[in-house]
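Letters are used for the chains, namely A, B, C and D, taken in the order the chains are written, and counting of residues starts over at 1 for each.
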């Protein structure tokens, strides 16, 4: 009888699978992803390497000595213990993060704008007591500009009514409001000493959300040539909530990581973070194979550093608030080994 | 020649006045406000007592031993040193405040709604560590619901265009949303262990803002018989931005403290906080006579505790960020001794 | 169980698993333990009320429940009972 | 109270006319205002009666220190009077709730979460 390996499902549940089953899942995962994102499947040698990583009962695994990458953290700390500055200190000194990010608990640029004077003061203090690169992050979060939270008509209500033109106009209006807010926060934070700005979960509300981020990045780059600008995506595929929006002549709806990266680099980012979602009904072997297949073309063509999103529910990490370390370390190692990533 | 006494103007600047000049300012302050608020001027005894307090060169003054009142503190702490729970502990243990208040930097219920899980967690930790009553506070802040911050047409833009009906409809719509948000936040805070809810600077946007505070207060009282509900006003006079709004059949626009208090009592409030603004061009003696004259009718009918607003720029305390203790302590003593108030 | 009862690891794991109604393997599985701890009120990671809800016990509240579930005295819980119950000890 | 720097605002008011929080019985009187909507005089009389002292003792730190220790109502945990055996923080609120005969929300929630019987219908 074939040995049983303890491994996990995408929802974090511990299951037992045989090495043959794991190998089959890896093959099915890369095939599904290649078909869906129209990219090449992983090679046989790559699948062999993934099999080695996943067909093990070891509680922990890691990359080879010398292959370590840079780890950036969006939103450092839970803000429950001590102060936000303490959070940054713990991340720097205990977790040994390579870069740090201060954030307002209401993690969007719109609410952050309302408290900027206070955020600047905290940033100034934090800069005095930390050594690692320290930035400020939030989400573009286009939805906040719609009724009932904001002034713009709600396209999620207009679309089901077939009011397409109005829904598109609303999204275009929200793009400008969001870009203004992001640029405002970046300007104020540069004054307070940040080393980079992070636009996290970009594209969460679709193509207009991504466009707001790109437009903001372009303006920030023009004003601050040396500022680090990091973008992290919300999902693997830009949803066509508007459908016709373009940046630099490229239609945004339907873009996969390779083209997302090209536009982000064009707009002026210094770090691009693709996000590939986890399927909770499949094993983590399946999910990792899928993630790597989708991210690979982007990593091969990258002109800027790529930090793959490896948080809960993305990058092959289980969709569970307490992601099991055995699963996270496998996803981490697999991505670094196969993709030659710049960071996570 | 009559000796000159060091005293303060409403903007905090130190000036010298003779006892006769201070006496004249007290008389003018009470006469002017009695006329404006259509109430009785202060009696000669009361004016004599105020003259004793104000015509003194002492750096500090205080009530008699045994006459102390309760200190509630809206927006406890500066948030710049340590964390928010430390702020509450410091105010409880170092400053001797009787009721401390947890708050977030964007001090309005709408902003808190999106961040309520984090606020609840902080309240729970604060309740574990504090002995004092800990309430949660923010402003109703009706303006937040109008464009460009919120979804509703901006009545301040409609009114100059003489679109009165539209402006009124917009305020009513905003009022309903605000009541819902106050309830949402309060429900969560009560679940987290809050001793009370503070609606601070109520009426800032006029009668609709006040109506929202009263309506939410009544709903909370029905749900939570034990809950402390404090309503602190934005100013002495409810502005008729709508003009026709009523609570229990009474028109809110144009209400002075006595009627404001009747409404708060009817709505089930635990503590009412009148606010009388400072005239920076007049002396603190003039200002205290005015504030006491305006609040006095409320004190005569009060059935619930009254905590007079005595922060920067209200209640006889100069409009300056470093309120001089000579002026603060005189205002403190004057209200307690003349009006027999219940707290600050 | 190691601290209070001096149990060796295997014995301690078996005891705790028995009290919680789970397998020994589950004890080191965060995916399973999140639900178990929530259900029994044994506390957990806060993450601003997003993982552990404000309704879930935290800190010393959780330790009250841990003492009950594991059937061991927890010193600070016992002291809390004594200090908070000085008016009517029977209540606590 | 209101806006202003802590020394000029809260510091000045607490010295000029404040009851003194848990240094005295300010927090207890405040609870009667919040929970029972009592005015100052009535709230002071109620608390004094429950504590078996005079209303004037309520703002006298010397009198109140003894009473708070005796009844486990919480004291300031610094200076030479550090007493780990004394009730403090939420422990003290359990006792305050009993002594004043009022429900305290956080205490009731605590009891709920650890399965203790409540003395009040909240």
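Here is the rule we go by: a residue touches a chain if its C-beta (ideal position, glycine included) is under 8 Å from a C-beta of that chain, and two chains touch if they have at least 3 such contacts.
Because the structure is predicted, anything quoted here is derived from the model rather than measured.
Closest to the protein's overall CA centre, chain by chain, comes B. Distance from subunit D peaks, on a Cα-centroid basis, for A.
In this structure, the chain pairs C-D and B-C differ in their number of contacting C-beta pairs, and the larger number is found at C-D.
Here the spacing of subunit C and subunit D, counted between their Cα centres, is 31 Å.
The mean-CA centres of subunit B and subunit C are about 44 angstrom from one another, to the nearest whole unit. Centre to centre, using the average C-alpha position, subunit A and subunit C are separated by 36 Å. Subunit A and subunit D have Cα centroids separated by 49 Å. In subunit D, the positions touching at least two other chains are 88, 90, 92, 110.
In subunit C, the residues touching two or more other chains are 46, 48, 50, 55.
Counting partner chains per residue, subunit B shows two or more touched chains at residues 118, 121, 124-125, 128, 191-192. Chain pairs that touch one another, listed by label: A-B, A-C, B-C, B-D, C-D.
On the subunit D side of its complex with subunit C, the touching residues are 71-72, 85-88, 90-92, 94-95, 98-99, 110, 113-117, 119.
Residues 117-118, 120-121, 123-125, 128, 188, 191-192 of subunit B are the ones touching subunit C in the complex.
Within the complex formed with subunit A, the subunit C residues making contact are 25, 29-34, 45-48, 50-51. Those residues of subunit D lying in contact with subunit B across their complex are 1-24, 26-27, 29-31, 33-35, 37-40, 43, 55-56, 59-60, 73-74, 76-78, 88-90, 92-93, 96, 102-106, 109-110, 120, 122. The touching residues of subunit B, counted against subunit D in their complex, run 60-63, 65-75, 78, 91-93, 95-99, 124, 127-135, 190-196, 226-228, 230, 269-271, 302-305, 307, 309-315, 317, 321-325, 328-329, 332-333, 335-336, 340-344.
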